[in-house]
Amino acid sequence: MISTVPRNFVIVSGTGEGYTPLNAFDAALGTSGIGDLNLVKVSSIVPPHCTRIEPQAIAPGTLIAIAYAAKTSTLHGEVIAAAVAVGLPEDETRAGVIMEYSALGHKQEVEEIVITMAQKALESRGLKIRSIESRAIEVKVEHDAVAAFAGVVLI
Amino acid sequence: MISTVPRNFVIVSGTGEGYTPLNAFDAALGTSGIGDLNLVKVSSIVPPHCTRIEPQAIAPGTLIAIAYAAKTSTLHGEVIAAAVAVGLPEDETRAGVIMEYSALGHKQEVEEIVITMAQKALESRGLKIRSIESRAIEVKVEHDAVAAFAGVVLI
Amino acid sequence: MISTVPRNFVIVSGTGEGYTPLNAFDAALGTSGIGDLNLVKVSSIVPPHCTRIEPQAIAPGTLIAIAYAAKTSTLHGEVIAAAVAVGLPEDETRAGVIMEYSALGHKQEVEEIVITMAQKALESRGLKIRSIESRAIEVKVEHDAVAAFAGVVLI
């Protein structure tokens, strides 16, 4: 096991543009407030009793676990969106789920889909839904490469 | 360094179906017995003296290291398969390897390939083979998105 | 948080060939000197006061954080390259960045691009550049699958 169980989560999102898709991704992390952290991608569980907190200062370079959706594009005029949803069950002794989705298109569609994904992930576990929190963001390609990013940091 | 060296490994596999490929992947993790863990993907070494154990209860939401193969499909009628192989060397002071493979097709072919991959990975290190353990699984797309998953949890 | 903040980094690179793309990747890790470690991919920050060191012995199977670029190919005659750049700011209290790039083509182009990526990533943070260190490598497909790999291990 890598670590103890996360106790808090933070929902973040942002968009960015840059020289390459990776630069755009890096810029989107910056606008998300996590640009100077080392992200370790996880799939993607909210432990029991893990509660949402607001973004907080974390030392630069810290390795943090994060579930995220990201999409990049270099095609002028294209709109891309990324979204995450956190689904928590009524039974607080059970784990919740994080779902991620990104696609060509607008934030409304992408957010609807990611919310449905979280609902279905809880239902497939036989759990009643206490809450679904979601976050979506979109960006249109204007000049450079762009990225849309939405994530759930597990702390 | 993120952690100490893993001391045990567990081989898991499962299939699932769902609303999206990610829901199917999530369901496949559930049937694999690791649906409520936070998976951190690693590539993919069995440390010396790291031994296989049977699946055991791990607290929901725990971050765990895992090497895995996964494939998803939404094409009605398609068969997909995922497989892992753990290759251990005769010399117990040396590390073993984990190989992952997934593809369209049936578990027999995929398992043969992943076993050969593990053999060749040990041979390319100049190691004699003590054992190869493998696990493969397949699933046919019927209604929703489906996923095939095979993994080696490093604990 | 998974860990404390990394204090040192090591730049590595290598190429390999093998039965499948994953075997080639595994062989490239071997020539990079990290073939027996469990790699956890991160994106991709150099913490303040994190300094470069030479490769050192790490116990086999250890989980390590690494930012990397990798490309594989099976097309006879194709040349592929992978590169990383570490960009450090003049202000030593601020984090640096790691950029990764891989593509069809030769190491010269790929290295130029990754250096520009690191420059732009620092500029987009409003930071003056103290140094950019880069590493690139290329390989031509001859018989089997091949892989080019360049990475920055965070210790």
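Chains: A, B and C, in written order; residue numbering restarts at 1 for each.
By our rule, a residue touches a chain if its C-beta (ideal position, glycine included) is under 8 Å from a C-beta of that chain, and two chains touch if they have at least 3 such contacts.
Since this is a predicted model, take the numbers as computed values, not measurements.
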>> Spelling it out: a chain qualifies if it touches chain A and also touches chain B; which chains qualify?
In response: C
> Between chain C and chain A, is it the same set of residue numbers doing the touching on each side, over half shared, or a different set?
Replying inline: different
>> Give me the superposition rotation angle from chain B to chain C, based on Cα atoms, as a multiple of 5 degrees.
In response: 120
> Distance from the CA centroid of chain A to that of chain C, rounded to the nearest Å?
Replying inline: 25
>> Quick check on chain A: which residues sit in contact with 2+ other chains?
In response: 2-3, 40-41, 63, 65
> For chain C, which residues count as touching chain B in their complex?
Replying inline: 2-3, 18-20, 22-23, 25-27, 29-30, 35-41, 58-65, 155
> Given the complex with chain C, which residues does chain B contribute to the contact?
Replying inline: 1-6, 40-48, 50, 63, 65, 67, 94-95, 97, 99-101, 113, 116-117, 120-121, 124-125, 154
